[in-house]
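Each chain gets a letter, A, B, C and D, in the order it is written, and its residues are counted from 1.
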Amino acid sequence: MITRLKEKLSALNPISITETDHAAKGYHLDVAASPAQVVAMAEILDQEGFAIEAVTGVDWLGEAAAVAKKPEVAEGEEPVVETPGEPPEEQMEVVYDFSHSGIRPLLRIVIRCRINRGTPELPTISGVYPGANWHERETHDFFGIIFTGHPDLSPLLLPEDADFHPLLKDFKA
Amino acid sequence: MILHPETKKALAPFVLPGLIAGPVLIVGLYLFLTSIPGGLARVIIFCGALIIFAALNAAYLVWLERKVCAHIQCRIGPKEVGPFGLIQPLVDGIKLMSKQLLLPKGIDPFLFKVAPLLVLVPAVMSFVTIPFGEHLAARNINIGLLMIFAFASVNVLGLLLGGWGSANKYAVISAARAVSQNVAYEIPMLIIVITMIMVTGTMNLNEIVMQQSGWFGNWYIFRFTASPLMPVAFLIFFVCSLAETNRAPFDLGEAESELIAGFHTEYSGMGFGVFFMGEYANIVIGCSLATILFLGGWQSPVGIASGWWWFLLKLYTLIFCVMWVRWTYPRTTLWGLLNLSWKILIPITLFNLLLTGAMLKIWPH
Amino acid sequence: MSGYFKELFSGTKSLAVGLGITFRYMVKPVVTLQYPHESLQMTPRFRGHIELIPNEETGEPNCVVCGMCQKACPSNCISLAGEKVDGVKGKVLTKYILNFTTCSLCGMCVESCKFNAITFSKEYNLAGPSREAYVFDLKKRLEDKKQ
Amino acid sequence: MSDLARSQNQETFVLNLGPQHPATHGVLRVKLTMDGEYILRAEPVLGYIHRMHEKMGENRTWAQFMPNTGRLDYLGALSYNHGYALVVERAMGITVPERAEYLRVITVELNRIASHLLWFGAFVLDLGGFTPLLYAFDDREKILDLLESVTGSRLTFCYFRFGGLYNDVDDDFITGSRAFIKRLRSRMPDYHNLVTNNIIMIKRLKDVGLISAEMCRKYGATGPVLRGSGVDFDIRKNEPYSVYSEFDFDIPVYHECDSMARYMVRMDEIEQSLRIIEQALDKLPEGPVMAEKVPKIIKAPKGDYYAAVEAARGTFGIRVVSDGTNTPYRLKLRSPTYSNLSLYEEASQGMLLADALALMGSLDLVIPEIDR
């Protein structure tokens, strides 16, 4: 199953596709995709009989800066002075969890999709999985990520007039 | 029994007088009521007594219901106010009466106010023809049975107007439910009543009771020569009276987990209280009729010492059964209810009607 | 047609069985506790609000004001202060305030304490007229208890 | 608007069910578009008890978040404790001592029974039967007494720690649990005779509220909802965690897809849980209840981790993203009823109000868990 799935997903040319150790990580297949590939992947998983578990986001504010900085310099060494270049774009990540209920042991797949923090947009998969509707709405509530084509992105868990996104790392209550 | 010491102290002086005065009052009342000659004065005095009876019944049936349900659920129920919580209904009544009758915005004030009365008044009026004892009926009219059913069908109007007048969606749904339910259940009930009239040959309630004198084999529930289905007829009559009075498992009108409180959602204070009194008065009427038609009214089961005490005993046993049923079953749905009426009760009662007719032809009474 | 009657009979029977069960429970003894008149003994591990433990010899609190409980508390409801007194190891507690309105009774504070200074009380009859009534001064409570 | 309304071209109205309504078990609001008593559209409106637990997780240390898990699903708090403990143990690579694992299973299963018992009572209450609620509470109270004697609290348990348990159980708990198993087994026939076999219940639940297996998959519904649709899926069997693989128990599956099937799944699960507890009590090994090599200050290695447990209402999944500090970087709680409720809009279309409320009851909603 897992090899077949890997082949099928590889056909879409994802950024990366790795098998992970379930005992250490809790899932079997970790796929990094670009926003344009998400819907196609969801369709493949749907055909294979996967069920949607959750959709969520992770805000990587400050990560780009950390990566741009040199890794920690060992003591005693002269720190290398970086030439200030173009600051890399801050990013957010949308994480899709899928599981297959028909096989034992259970197969879990994670699809990650990096998007720019400034323009957080990616297509919705609620057309493929109606269950993604609420999860995407929730993700929009918490992160402000816009799922294009989503039927209704009004706040679900937050108050109906909420204009803040509490899980952003720069949100202060 | 656990009593608050303060309550105990306050109650102590009333215990002995109460024990003496209670029976004296009851006997006196009985002698007084039976000795009044017929005529307008008798009806008026009886009506006064019946209103008090209905009000006390409503109050104490609530108490009984709370006790029965508590014990079914392995609890104690009311126990703090008075011995065994007996003062609780009175205190509740005072509370209800002292509350504001809130008129919500957008209601029809006239319908809203008149609806509870439309439930209570016909119920109390129906008491007029009920023979509690041989001479203990306000008015012994020869179409008593007909009169009770005439009044009983006004009852549903109260629910409808109350629900409609409340300007509340839950109340309107509930009113619509109550009406369709009442219409559906009036049919099997009336078919049984027709059967009983065929058997008894009279609509005079006291005469019906007289016909069942002697031992309990003479009660109509066991009168197999009239129809072998008599116990079934009694059961159906009982079920129909449950449905007519909107009692569980047919309490669709006030289905609390669906419609909050149904037609009386918007009622507060005594508006609600009157609805409640009407409901309990209707239960008493329904059970009284079942007692009179099938269980021999005030006749003793062994043929001696007949009197009003037998009537009350049978009546309250039936009322206990009503409560017992309520605290046992879940609620039916509207479809389940109508299916039961149209697919089961009506065919059986119709069959019973035909069977009784045939049997009467073969063995005339 | 036979299904109709079968359902009729089985249905009626099921209803009668239900009535039988409720009647059986009705004559059983009650299981409830008449609360204000009777009350329960809490189990030894019951987690009420916290309480200071007095030293067995001196009767003074065991607390050395290390502040671990304060740090462990997820809802910041503990505030304490101490002062240095000569001849005593550690600090001496001067103030221990538990803001019980925000406490979630998780017990992290008791777990984090290495000096056997706080424990759970067994109190559960808690009612008060105002929020302020639930800002407990545990040191004062301990002193009141001593008397 | 659905076809039903269009074809009849009747006036419709909106009924606002909740946020305070006897049937919604808390503060759930459902906006119903109705045609008479028929539901055209039921739109759940959430968030009335939203507390942003995920943000709280980012501001607390790993250990400090543990009490929060008990506040998500207050009826099955221990399962949630377990899920969180599992994910952190997975991240840290901690192995839990055997005795602790067994005790976790025993307490979680007791908690599951308590949750199902309360659901049973509340479900019958939704259908208008009051008395079974009190009987179920009577039994549940015994479980709460048992759990109180080990955990110290009666509802929002916080008993599990990373690497083991808060404290060990005593013999009273063992004998008490055995007595409870006996007691509940003797009372289950009463429940079945009083409720399950009751003709009114059967008429109300049979063929009502159909949820197909396909619909469950599309919406991610799990737990008794999925098992009532004929899918043999249980995390305890499909992705065995803790020591569940050592017990002999069945996963009740019903293929009718109706409310009755979901009801029966839960009732059978109570019996299966009793079986698990019985076996666990028999096999309970001696030993410590806390792993030795647990660091004082938890700092999960960088990376993201996922763990799922079978809670009383379905799969509770928890994803943590760690940046190597003493607080989680991101904490995602995947609560089962959130997914289960999301299919309500589709499933309740064209139903009668009373049946739709029965369907809602059969989903076993716990609102704080949905709103988080």
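Following the convention adopted for this analysis, a residue touches a chain if its C-beta (ideal position, glycine included) is under 8 Å from a C-beta of that chain, and two chains touch if they have at least 3 such contacts.
Bear in mind that the values here come from a model prediction, so they are computed numbers and not experimental data.
**Student:** Where the contacts of subunit A and subunit D overlap, which chains show up?
**Tutor:** The shared contacts of subunit A and subunit D amount to nothing, since no chain touches both.
**Student:** Considering B-C alongside C-D, which chain pair is linked by more C-beta pairs in contact?
**Tutor:** C-D
**Student:** Approximately how many whole Å separate the CA-defined centres of subunit C and subunit D?
**Tutor:** Taking the mean C-alpha position of each chain, the two centres sit 25 Å apart.
**Student:** CA centre of subunit A versus CA centre of subunit B: separation in Å?
**Tutor:** About 66 Å, centre to centre.
**Student:** Taking each chain's centre as the mean position of its Cα atoms, how many Å separate subunit B from subunit C?
**Tutor:** Roughly 48 Å, centre to centre.
**Student:** Report, in whole Å, the distance between the mean C-alpha point of subunit A and the mean C-alpha point of subunit C.
**Tutor:** Here subunit A and subunit C have centroids separated by 42 Å.
**Student:** Taking each residue of subunit A in turn, which ones touch at least two of the other chains?
**Tutor:** Counting only residues that touch two or more other chains, subunit A contributes none.
**Student:** Hey, what residues on subunit B touch two or more of the other chains?
**Tutor:** 72-75, 327-329 - these are the residues of subunit B that touch more than one other chain.
**Student:** Two-or-more-chain contact residues of subunit D, please, as numbers and ranges.
**Tutor:** Residues 131, 135, 138, 194, 198, 200 of subunit D touch two or more partner chains.
**Student:** Following the definition at the start, I'd like every touching pair of chains, please.
**Tutor:** Pairs flagged as touching, ordered by label: A-D, B-C, B-D, C-D.
**Student:** Please name which positions on subunit D make contact with subunit A in the complex.
**Tutor:** Subunit D reaches subunit A through residues 46-47, 50, 52, 54-55, 58, 87, 90, 93, 216-222, 226, 231, 233, 235, 237-240, 303-308, 315, 317, 319, 321, 329-330, 332, 334, 338-339, 342-343, 346, 371-372.
**Student:** Please give the residue numbers of subunit C that touch subunit D in the complex, ascending.
**Tutor:** The touching residues are 7, 10-12, 14-15, 17-18, 21-22, 25, 31, 43-47, 72-74, 104-108, 111, 120.
**Student:** What part of subunit D is in contact with subunit B in the complex they form?
**Tutor:** Its residues touching subunit B are 13, 15, 21-23, 36-37, 124-131, 134-135, 138, 194-195, 198, 200-201, 203-204, 352-355, 357.
**Student:** Would you tell me which residues of subunit B are touching subunit C in their complex?
**Tutor:** Of all residues in subunit B, those touching subunit C are 2, 68, 70-76, 79, 324-325, 327-329, 344.
**Student:** Where on subunit D does subunit C make contact in their complex?
**Tutor:** Its residues touching subunit C are 60, 63-68, 71, 131, 135, 138, 145, 148-153, 156, 158, 166-167, 190, 193-194, 197-200.
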